[in-house]
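Take a look at the following structure, please.
When the chains are written out, they are named A, B, C and D in that same order, and each has its own residue count from 1.
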Amino acid sequence: MSELPPCPDAALMRELSETRRGFHREPELSWTEYQTTAKLCQALEGLGFDIVWGASLYPRAPGNPPDRDTDRQAWERAEQALGSDNPYLTAMRNNRTGLVATLDGNGPGRVFGFRFDIDALPITESEDPAHPPSAQGFASQHPGIMHACGHDGHLTIGLGLARRLAASRDRWSGRVHLFFQPAEEVAGGGAVFADLPQLAEVDLFTTLHLGILDRYRIVFDATWIAARIYDVVYRGLSSHAGNAPQAGRNALLAACQAVQGLYALPRHSAGMSRVNVGRFRSDNAHNVIADEVRFRYEVRGGDNAICDFMAEAAERVLDGAARMHGVDWERSVFAEFSSYPNSRALAERIAALALALGLPEALLQESFQVSASEDAGFLIQRVREQGGEATHLVLGSPVGGGHHSPTFDFDEQLLGWGVLLFERLVMEG
Amino acid sequence: MSELPPCPDAALMRELSETRRGFHREPELSWTEYQTTAKLCQALEGLGFDIVWGASLYPRAPGNPPDRDTDRQAWERAEQALGSDNPYLTAMRNNRTGLVATLDGNGPGRVFGFRFDIDALPITESEDPAHPPSAQGFASQHPGIMHACGHDGHLTIGLGLARRLAASRDRWSGRVHLFFQPAEEVAGGGAVFADLPQLAEVDLFTTLHLGILDRYRIVFDATWIAARIYDVVYRGLSSHAGNAPQAGRNALLAACQAVQGLYALPRHSAGMSRVNVGRFRSDNAHNVIADEVRFRYEVRGGDNAICDFMAEAAERVLDGAARMHGVDWERSVFAEFSSYPNSRALAERIAALALALGLPEALLQESFQVSASEDAGFLIQRVREQGGEATHLVLGSPVGGGHHSPTFDFDEQLLGWGVLLFERLVMEG
Amino acid sequence: MSELPPCPDAALMRELSETRRGFHREPELSWTEYQTTAKLCQALEGLGFDIVWGASLYPRAPGNPPDRDTDRQAWERAEQALGSDNPYLTAMRNNRTGLVATLDGNGPGRVFGFRFDIDALPITESEDPAHPPSAQGFASQHPGIMHACGHDGHLTIGLGLARRLAASRDRWSGRVHLFFQPAEEVAGGGAVFADLPQLAEVDLFTTLHLGILDRYRIVFDATWIAARIYDVVYRGLSSHAGNAPQAGRNALLAACQAVQGLYALPRHSAGMSRVNVGRFRSDNAHNVIADEVRFRYEVRGGDNAICDFMAEAAERVLDGAARMHGVDWERSVFAEFSSYPNSRALAERIAALALALGLPEALLQESFQVSASEDAGFLIQRVREQGGEATHLVLGSPVGGGHHSPTFDFDEQLLGWGVLLFERLVMEG
Amino acid sequence: MSELPPCPDAALMRELSETRRGFHREPELSWTEYQTTAKLCQALEGLGFDIVWGASLYPRAPGNPPDRDTDRQAWERAEQALGSDNPYLTAMRNNRTGLVATLDGNGPGRVFGFRFDIDALPITESEDPAHPPSAQGFASQHPGIMHACGHDGHLTIGLGLARRLAASRDRWSGRVHLFFQPAEEVAGGGAVFADLPQLAEVDLFTTLHLGILDRYRIVFDATWIAARIYDVVYRGLSSHAGNAPQAGRNALLAACQAVQGLYALPRHSAGMSRVNVGRFRSDNAHNVIADEVRFRYEVRGGDNAICDFMAEAAERVLDGAARMHGVDWERSVFAEFSSYPNSRALAERIAALALALGLPEALLQESFQVSASEDAGFLIQRVREQGGEATHLVLGSPVGGGHHSPTFDFDEQLLGWGVLLFERLVMEG
């Protein structure tokens, strides 16, 4: 396995490492990235970027907000840290997290968009001394929350890029939008940010993910799996299970048949297909025929077409199972991930920059199908549909413990390489 | 437990026993009662009855005939026994079995109908020396076929009754129709015989069953369970299970979900409910998604309403399961048993006759719900709907091994009592 | 339908009605009958009964206590009403509710046991003016709790009987134990009270239930349905549903197959059988294979043998379904109801007393199978197994709205008849 | 897409085309390749090959023979065509089809093995004039049977190779075994031929398949999917579905739960996985709880490890489902396909020969994973385990209608290229 060469700019590395560790200490869950956003706002404004955030950024509150207790806790923590009259914070009430930071270069030119996701996960970070953040004292200080997917690294690249572009502002032309997107983990932020007016003017869009491959390898055309997550309600009719079982319409029995049918959906020969059922609840008493069941399920496909196939087949299953037992049902989309193809030419162009930067050819890889989902697909799709170019990069590295594990970690050298690569892209115009 | 007194007419008993044993030796399956019918025709014609049989009796061939091989075997056996030009036999081609024998008394009067079913079962009779037919040399001579439900006794009562009525013809008035009905076991003969013109003129109808209660007890108002048996076809779409599983619509998977749903139909608080699936076949290759499944199922209810409930709930299950997997389906009625109420007054009148005949009161019982089905329900329903009286008797006795078992047997004394009881009914007018 | 004659003792009726309405106003849930028990203690002690209650009555806290919030609320209400140093109350801490009150007559004789259950239900009483308790001002004053099954009437009969027996103490011999049992509705009190030493000396045991039949009819040998309720945990192994579905062991899929198998348990030809699944929960994320599912189910049978059959068949289903998917499982009894046969001779003796008291024969009925469960079965079983006689009576009346409905009500005349009947039983010795 | 250049030897092509069309006209099903084998025996003996066939070739009759009627029909057709005393034919009685033909070169050298499968499929060939065999008059003359997978081409290549090698015998050294293998489609012949002594001396083994890729492309290291096919019997206990459903143990219900569980086996992230159920039969009467169900199922995996995973998971499902309903079960292997890796060096060597023969580089491909199974895997495994080299080639071409379809066809030019390629391999030594 090739080794990652150290980032040539040691000062940059020190700064990025410090930044990243600060954010790593204070992770926030999806749609509650209050402190994270406020800190980013302050830093970016200080660098001369125009920032838009809070209720000005997007008018409607998110469709999949966190539960009330989770949100209150995050808000109170942010108020305590920042003061309850912090202007960044107050504008974010009701989960208006994330920001867009914009800077113009020395003249007209292309409009660049870079997207960095900023949310963390409901995971308790490992205290194992073999886990670097614990060993080196930058582990999460928010109990039960952890940057276990590298978004602390993503936003650090964004901030590092901002510093470089602010410093070199007279040497590049065009405009740069930095999209610091909330709520990637719950697939809510991507769809919201895809509708932002700032995105509508982007010509050239790039986003990235750290880790993923568990070895050093930079991929310039990384595609992700399409996925859809749905919430379902089955509504039957209760009756006394002893005195009149025949008078009921059994929502639990129907839902259990649906679950069987879902897992038995046919495998797809054109690529990866998946189906799974999460949270499943029926709360009837033991002597009452169940009148309501709620559950969530997901389907995935190696591409959008397979995902569509799975979604349609699942709908048939759900409908038939409900009918079997005379039960009504409805479903709503909880989250969606598109798997939109990248711009090949852009990917190749960035690959050439990487080579030029001194990254060894053995570490560079054309394309890769990631077996996970990313809501950046919505932004990529929007930019490409409006005629722009867009691609998704993976900055692969060995990761401790795997993504979403309590010992997740990545190699910070990648942060430096990421900043340099994106800066070079803008400089080249 | 009370004992059954011996039938007072010893000569009658000898004759009935001999008759019964003859028929027991030569059982025939439903719709193939060729020899049985021919022998009955000959005997009844010899007694002066007018007989109608074969294609003259009912114009359309039965809807649920036996399979070709079974039928051919029975036919060839009958030809060998009776000669291929036997006039009784030749008229029966294509499963036109059974007959109606009619005799008029000494003047106008009521029209009596008695129905005796004549078919046997696909069961191999026990050779155990403890089994009376084997011990006494009258076990079945037709391999794999056995009178294991007492219909040999039923038809013997019919023939015994015919002899008595022929002998006493100048002492009773009115008309007697004896319905020797085929195919009770597969529920085909009842519906056909319910449409006969002879039944349309019946004022007073009785039928009976031997055994059932496993003790000596004569029941005058025996009700049976309603039942419906259906044949189902599920039709999907085949595809290669390795190369393109997603291109198929899996009829087997759908049918298996249907089976689960059928057995899970709710129990009914108003009375007995049942559901079962028989013959289930899918013949696809192992590497092909199943495109066709055929199966048969039955629902039963303690009364017609419960049976209706089960039938409708089953239909919902079948429809929903098919839709789950995009499969088309259809069902057709294979057989139906109605559970029609008896004429209470007639039952009481016959009970009084039984007492008068010397049967001990302890052996007599008003009513009983039999946990099985009988297609005589169709004849009872027809007679009652046209204004006549009708009831179903059980001549209960201990039975060896249970109905439909290889060691089934009953007490022949019941044959004598049955004949005397029915004769008395006609004599009383 | 025969009418219930008014209770001949009008003064008794006034007293009973007042007592009942007082208890109806202040219902308490199973295992939280703090005020109810305290009021009964005070009244019975005042009448000269020896009482045993609280931690002295049964050493171990109940196995199925209410949830903490429910209990705290009831306790605080009781403290407020009775004072926090009320000696009856303080001894009941941790759900030691219920009492046994004992009185000896004028000399040695039989030991009588009468059991009255005292708990209410989590139902909000109707405010409909057509509902007598609301119309007449004695509806529940405890929000969300209601005597909707007549136990206020049961304990009123107990208290009325106590007053009569105290007054007539020199006219009867032997000993009377009055068992005021908590927690019938959740099937916890019966098993606890079956172990009491007072029950161990009972020769003649009676209990009763009001309502049930929805018409006036006193049944002297009422049998109830056996039932068992279980809690189940399925434990699998989680894995990422996208990256490594094969690494998981899917507890939800297994549990859904178990549910299907449970509902498909065979119907039983010897009597009523039932099965149902309540509270079913799986809380895994949509992209994680479910590693834990919890659910509750019940089986019922027309007698203990059928219930045993269902319980064993259910266990096979649960075990097999878990094995199908490599899942571990365990179950624990949540509640049990026995269906033990009554003493026929005792039932007939009480029927004779009822006739002698002037109740019309048309209102009296030998026996009845109630399609519900009662934990008095455990006490009946214990008394009969130790050689005593025991039976369960139903004092049937039309009831408003059905048992466990917000408009449940019964005819208070039954209270008087109940007291007179039980008093007469003791007087006769 | 590159075009296939015409085979340079036009005379060879004419001969091969004629041969292939002759065999295409007379397809025979697996284990009934009587005429096919006889014709090959005669031709190869005529060319000077030593042949071994019939009972001399393999001592035991196949474990998965065709049904009796199918076999009788094929045998009678062969007797009619060849005469009932044809010596090739008579030795093949009881499905001893296939042959090994051996020829030695001009001196010692390597032992080459080439395997050609010879069986056809139970498919009715299309009469569509757009289907070349129909248009050009060489469609199947055996109703319901068709060479729809190209084995007619495979054996033609074998025969063409034999002719060339016989003609050039003095120009090559070593020994050539041509394995004309029956019953590939039912996965029976491969395992039998893997045990032949002739195979035990092979140093260098090659086999091939036509079509597959639906474009022109020759693959030198083609791997196939591992598969296992099992036959299952579930044995329960019958009882009357009306009178005593609880006394049965329902094999059908259990088997239907097993089917659901099989289709719901988890997808595998390491590669392709498949599961399917074929022939499923339960023959109980509708009023009898099913006591026996027989079904066949297959699992497949992209490699042997995934196939093992599926087989083990399936076994758990089958065992658990049987236990759910108290049913016994057993399974036996119906057929197995191994997915054994090819010798890479041999593949590369043949690729070089192909290039040398003039096949354009654009048509050559290193490796390919075929999404189907091949029982040649057993022979490859055997040869490699004994130290030889072995590989599987695909001669890809567009195919009419897909494999196993009524309009399957391939480009006959491939036959010529196949012969030349294999001849060259032998010539090179």
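What we mean here is this: contacts are C-beta pairs under 8 Å (C-beta built on N, C-alpha and C of every residue); 3 or more make two chains touch, one makes a residue touch a chain.
A quick note: this is a predicted structure, and the numbers were derived from the prediction, not measured.
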Farthest chain relative to subunit C (centres taken as mean CA coordinates): D
Fitting subunit B to subunit C on CA atoms, where both chains share a sequence, rotation angle to nearest 5 degrees: 175
Subunit A and subunit D: spacing of chain centres that average the CA atoms, whole Å: 48
For subunit B paired with subunit D, centre-to-centre distance based on mean C-alpha positions, whole Å: 52
Separation of subunit A from subunit C, taking each centre as the mean of its C-alpha atoms, in whole Å: 54
Touching two or more other chains - residue numbers and ranges from subunit D: 242-243, 245, 250, 253, 257, 260, 263-264, 267, 269, 273-274, 289, 371
Subunit C residues touching subunit B - in the complex, by the definition given at the top: 260, 263-264, 267, 269, 272-274, 371
Subunit D partner contacts - residues on subunit C that touch it in the complex: 242-246, 248, 250, 253, 257, 260-261, 264, 266-270, 273, 289, 309, 313, 316-317, 319-326
Complex contact set, residues of subunit A against subunit C: 225, 227, 229, 241-243, 245, 250, 252-253, 255-257, 259-260, 263, 274, 276-290, 293, 296-298, 300, 334, 371-373, 404
